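Each structure below appears as structure tokens.
In what comes next, subunit A is part of two complexes: it sits with subunit B in the first one and with subunit C in the second one.
Let's turn to the complex of A and B:
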């Protein structure tokens, strides 16, 4: 049996990584709700966020905050590009959703290859945003980066909720998620809303990647695992609201890190996938089904 | 084309044809609505009424021509047509079910990005037509009764400041009293000058309100009649079943 200290420590770690899954999950939800598309290239945004931030930091010598913001904007731009160049033409030709989803998978693999050719295949990392740490509470160590993840995560979810509930564009995006035909009939440019959803979703993924890289590493291949875990978190959250997706992420993160202390690191994914199957079997609409599906 | 010739119609549809796969659900259909006119389309189930309205609003692809206010709008998309003032209340209402009455109405005014004052005025107008919506303002759309939902659908469309209001069977599934309440409201709006194109199966009231009727069967217009010429329902039945 692991000690109490180990358990608390793993809880802390789990919340940290879970928040990252949560951000990726929100990215999945934003696109899915606006269009019905499950964007399997979601993980690639996480990877690009970290890779770009690293490049801006080390090759261009920019401060981390500037690198982080620039990298987020760049990745959002790539999200827009993917939407305009590939998704939208398919959408206009009324391609079946599964074909579009397959295309997003191809985009993920394609971007990974481009990253290998341009930035290389070596893993890399950069220092935490705030040096020093970890914060010691008795025997429990909390790295400062976790506070960055917590703070930025909370801020983004808050901003997103405000955006979806209070702004004209946010409401229009929600309208698209409920009934795209009705939205178009009221003059809402649905395709432009899909572009916005890709930009938002890519920015969220990038932010997740930028925030998590100092505590781990990033490489061309990290998109897959982040994508899958974010997807599981989105399913746990019911593909609905941003807070539900975030809770889904934390739930998954905590269970995974619990599995590591109880059974060893090799069980992390087995447990994640088991949780996915259990949720799909018993709560097919997510753990929060029945709640209003807004934001 | 007698009295009509000297007025530019609000909307003219020519030669509209739409297919589902190999099935031609709409065959070279033509119709027009004059400014301030109330036009009703009648026809049996499966006649192609919904298909016609969806083709006009570009929710489905079709061939043919559509002219709105003298401008060829054939190649515009649904949201662009809405921007010009062609607003449709869909069959089944098309409400944003998880959103509140307020949000549904706000979205109705989406294209009026300009002065807030205008949408406030529209809102007051919608509330005066359907006071029940004011009472339900924070309720989610899906939690309302069928009649209230239809009122919201019409109210939301009015928020968009339509020049031509298209409605696909707004009385479907409603009690006769509620249905006639909603249809009478349409009549009142028409008196104020709003052009209306209504698909309806509950013929009597729709006929009383309309100035002209098209009868659609098997995907094409069987007859076009001024309503005063329809003396009895036997007249209509003749068109339905031939």
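Let's turn to the complex of A and C:
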């Protein structure tokens, strides 16, 4: 039986990683709400964010803040590219749902392999944004990076809510999510809104990747797990609002780090996927929506 | 034969000339490889195995119109079942194959029963998660699966003292098994059950109104797909003689879907043609390793966008216009 200190420490770690899952989950929701598409390649944006930031940091010697911003913009550009080159043609041809899901999976594989070819397959990391730490509260250690994750996460969720509620474009996106035909009739350029949603969700994923890389490592293959866990978080949150997705992410992160304490690190994905199956089967519209009848 | 479920002017799908031509071309390739020998024998053997896998996938994906991104889970059960039973317990390969198929079938039944109530993205994600869980278990449960080390020295297929060691003979046997699998799938497709499945893919509500028990039909299709996948996994283990978790990893999903889409989802001969074409093409271009994965992904994306119906559907171009609706 693990000690209380271990449990609290794992709780802290779980909240940190859970916030990242939450950010990825919001990315899922943004695209899903605008288009009804679940972009299974979401994790790739997380990976690209970390990889680009590392490359800009080490190869070009840019300061961390500049590389973080640049990397986010670059990844958003890739999100737009994916939308224009692949998703939009399928969307216009009214491709079936499963074909689009499959396409996003293929995009994930494609981008991962291209990253191996261009940036190499070695895992890499870079120092935390603020040196020093960790902060010690009794026997519990909290890395400074966790505060960056917390701060940036809160900032981004706040900015997103403002964007969706206050700006014209955000409202147009919400209109698309409610009824695309009606939105189009009201003069909202739906396809352009889809591009915006992909850029937004890619940027969110990239930010998550940039924030988490210092506490662990990044490599071509980290996208898959982040994507899956982000999706699970989105399901727990019910694919609705950004705060719900964030809470879903924290919930998942805490469960996962608890599983690491109890069963060992190898089983964290198995536990997460089991949580997914349980939520899908018994709470198909999320934990916060109460028990629903069907999916 | 009349059917209460569906009235169709063409109850049994006959192969048109174009499909026959494609099949003939496949058979010719098969014969050429058999004569030519060498490395291509192995490629063709794998094509046969993938063909069996895709036949099952086609059942669930093509005819029933559902998505399973986790069929590699059942191939994994089949492969490891064969490996463990043969290497650890010295079972007969044929017996091990059938036993693993039994395990995979039961697993499909148990997993499918709750999972298949889901639809759309949820079903896709749940099945995808299934494949990932199986992959993780095959990596982590080292006492059973030997982790990344994998199993080596799996005996080749055979009955009693009669084992198939020669590469050419192996290919012939696999070809025969693929034909058997194809025959079963063709018979099932045209049965009352198969027509029910296709009705579900057309419209679930419509099919339900015609008295088709949707959930039971879907479950049976899922189990059949699982059995095919398990058989393919076992055959892979016996043919190559070595398995590791990577063999049944997430790449397998992309590779098999590429094959299915190249051949044509939901067509009779699509899985077989797709498996042969998609296996041989990379060899022609001599692209290896990473480029091969990139090529698969690119081809799949292009097919999804521009030719979602695949090679077999090209026949429609040569057909008189009035037939098109029924094809």
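The rule is simple: the second predicted complex is superposed on the first by the 289 of 295 C-alpha atoms of A that agree within 3 Å, B and C clash if a C-alpha of one lies under 4 Å from a C-alpha of the other, contacts with A are read in each partner's own complex, and residues count from 1 in each chain.
Note that in this section a contact is a pair of C-beta atoms (placed from the backbone, for glycine too) under 8 Å apart; a residue touches a chain by one contact, two chains touch by 3 or more.
All values derive from a computational prediction rather than experimental measurement.
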Contacts of A:171 with subunit B and subunit C, given as first, second, both or neither: first
Subunit B versus subunit C as contact partner of A:266, first or second or both or neither: second
In the superposition, subunit B vs subunit C on subunit A residues touched: C
Partner chain(s) touched by A:179 [first = subunit B, second = subunit C, both, neither]: first
Partner chain in contact with A:284 - subunit B first, subunit C second, else both or neither: second
Partner chain in contact with A:95 - subunit B first, subunit C second, else both or neither: second
Intersection of subunit A interface sets (partners subunit B, subunit C): 294
Complex interface listing, subunit A residues touching subunit B: 168, 171-172, 174-175, 178-179, 181-190, 292-294
Subunit B residues within the subunit A interface of the complex: 57, 59, 77-79, 82-83, 87-88, 90, 94-99, 103, 106-108, 110-111, 113, 140, 156-157, 160
Complex interface listing, subunit C residues touching subunit A: 61, 67, 69, 114-115, 117-126, 128-129, 132-133, 136-137, 139-140, 250-251, 253-254, 257, 261, 290, 293-294, 296-298, 300-301, 304-306, 308
Residues of subunit A defined as touching subunit C within the complex: 32, 38, 40, 86, 89-90, 93, 95-99, 101-103, 105-107, 109-110, 113-114, 116-117, 224, 228, 231, 235, 266-267, 269-270, 273-274, 276-277, 280-281, 284, 294-295
